[in-house]
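Okay, so subunit A shows up in both of these, paired with subunit B first and subunit C after.
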Partner chain A sequence: MTRDGESRTPIDARIDTPGREGLTGTAPASVYRPLRDPEQVTTAPDGRPMEGQPAWRTDFPIDWPQDAYVERREFMKFMVLTSGAFALGQLWIAGQNWWRRRHGQPEQMRIASLDDIAVGETRTFAYPTEHDPCVLIRPAADVLLAYNQKCTHLSCAVIPRVADGVIRCPCHEGLFDLSSGRPLAGPPRRPLIRITLRLQGRDIYATGVEERTT
Partner chain B sequence: MSVNRPFTRDQRTTIVNGMLAFVLMLVVLQLWLLTATMNAYLGGDTAIVWPAAAVSVVCLLLNLGLLRYLYYIERRRR
Partner chain C sequence: MAKPADLHFFIDPNRCIGCQACVQACSECDTHRGESMIHLEFVDRAQSTQTVPVVCMHCEQPTCAEVCPADAIKRTADGIVQSARKPRCIACGNCVLACPFGVPEVYEDRQIMMKCDMCYDRSSVGKKPMCATVCPSQALFFGTLEQIEQLRPMSMPVNRFRFGGQTIATRVAMMMPRDPIGRRPLVDVTDAMLERPRQRAIRLTPASADPFAEVQV
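Showing the complex of A and B:
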């Protein structure tokens, strides 16, 4: 009822009232406010309404769009963490490189005498430190070869087969050429680390370490 | 007049998908760099060690920038 006693038809605030279409400026703000926050409305992964979903899905309803968002967000955070780990690995390699350069080439060291190793025989030694096992090979009277004994695949100890002209890694059947140390078969991709030698009289000296990519 | 309202959940999902695609590409690049550098370093080729480390750190910074944006759109939502 109004002050003068007349009754008035209450205003229908709905936006779709016949005759009111488009008169949005006259409608109260509440008309435009959705009844439910769209972010609270879940949608099944297949897009069908809940009535059409299997029982297992209706028994354990979750907020699928929110789940998809959160799992991608968390995956992205984990990938950035992985990225940090890779960058750290690169810096670790760079640090190792700096440390190695600082120390320079190892000093030469007497490893054996020619009398200690007959033609066709091998002999082990450690160079440049005691943690670097190496093998000295004498395939012919005037040929001396030396390699680090660690396989370039996974650091297993390699075994020279002088008669066959190869060096074999028993762990994964890797084969290296005896004369050059280059990989012939199996998983290794890099040649064996070569130890440079010098003969002084009848003494054999290791003079350096030669790493190669090919 | 521009309206600066927070992104909806659907918009944020799309944004995260896009950022994730970039992050994955950068991480795969970093993985390749790490394996190639390790192979070269163990083979005695040390020329690429520092440039590769610098590129990897740049990739990490790009990823951190994207992560920062993710936190930003999350903060705006609240």
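Showing the complex of A and C:
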């Protein structure tokens, strides 16, 4: 099979036939001759062949076919590096989970007194650090809820609407269920981070952070 | 799809009447909204009303693509030098300075170079570029070589231009008066810039039959 599509001519078996000098098989010499790439249509301004041109001319080809051409080695490099990056990302997530589990829950902290918050009211606090704004909600006399105030979509501050039974994010009209923190409408997909609470006498303590995915 | 290989673009500056129809038609296109990619240039504004339509000549070795540092100007296999590729163009203006025909233009407001691509959306499906369809004097012609030879027996298409030391072969041809000696046709642009216009008598031979009978417009 010839590469340039020319038809095979009957081969003279003698070894010194023109066209197959030095070849012992039945293939004509043109099979082994380096041929011009059929997609190589560029002519350099000086008219010399592309082999004699500076390297940048082949690195930055003018013609679309060469520009869109992806070498096998280039493609493999891309595949290996990309899948390597994905694998590293999985390891990073696993490492983070392990680190979080090892550290356990943050220390508990007194956040308010039951006398500070009336039924149907809300109150903000920061837990576990001062950079984690949270909201404490008392929808009924014997129910206390606390969530991290960051919306799980783009971290806007969510606003509880106790009368409607929802928590609303004003940025993109995200809605969460007040009692569970699960997303009801809008762009958020994950529930709000819940703060576990403990009532000791009249004091409300935050005891931990519950991150959920569903 | 690609431009049919037998269809070529011919510019006949002698026939240009400066009506701006090509400019208006070009600027109506949606692929470069509101901007005309064809320029109508005056040859010598003080002396003459003669105008020349300037479209991309689609060089065999496009200087604009040679100088592009962002690798944004590409040519398709049918020889059409495409407009700048949007994600790559950095609006540096190298192509504007390099193009010997003065075709590319940088649009500073949207940070991109845009140039004539022979209406690739039309010519790639075998239609005429917009300017060639509207030109009333057929100064812009898109068709086969046989058609133009039949229509302009006194002229010949020339697609080689010399700018000082640089000789450029183009896909778009200019119609030149037929050379009686039959020299190798070439336009020496820098030489022609210094040339004074000669007083010439134009011989007009009435056509025996309707030369446009075969032409699809």
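We take it that the second predicted complex is superposed on the first by the 138 of 214 C-alpha atoms of A that agree within 3 Å, B and C clash if a C-alpha of one lies under 4 Å from a C-alpha of the other, contacts with A are read in each partner's own complex, and residues count from 1 in each chain.
As a working rule, a contact is a pair of C-beta atoms (placed from the backbone, for glycine too) under 8 Å apart; a residue touches a chain by one contact, two chains touch by 3 or more.
Keep in mind it's a predicted model, so treat the numbers as computed, not measured.
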- Message: After the superposition on A, what does A:V41 contact: first (subunit B), second (subunit C), both or neither?
- Response: second
- Item | Partner chain(s) touched by A:P65 [first = subunit B, second = subunit C, both, neither] | both
- Message: A:F86 in the overlay: touching subunit B, subunit C, both, or neither? Say first, second, both or neither.
- Response: first
- Who does A:T124 touch here: subunit B (first), subunit C (second), both, or neither? neither
- Query: Is the number of subunit A residues in contact higher for subunit B or for subunit C?
  - Reply: B
- Message: Contacts for A:T196 in the overlay, against subunit B (first) and subunit C (second): which applies, first, second, both or neither?
- Response: neither
- Item | Partner chain in contact with A:T213 - subunit B first, subunit C second, else both or neither | first
- Message: Per the definitions at the top, what is the overlap between the subunit A residues touching subunit B and those touching subunit C?
- Response: 65
- Query: Which of the residues in subunit A come into contact with subunit B in the complex?
  - Reply: 38-39, 65-66, 68-69, 72-73, 75-77, 79-80, 82-84, 86-87, 89-91, 93-94, 96-97, 101, 152, 189-191, 210-214
- Note on the structure: Touching subunit A in the complex, subunit C uses residues 60-62, 65-66, 68, 71, 73-77, 82, 166
- Task: Sort out for me which residues of subunit A touch subunit C in the complex.
- Result: 41, 43-45, 60, 62-65, 67
- The residues of subunit B that touch subunit A in their complex are 8-10, 12-13, 16-17, 19-20, 23-24, 26-27, 30-31, 33-34, 37-46, 49-50, 52-53, 56-57, 59-60, 63-64, 66-67, 70, 74
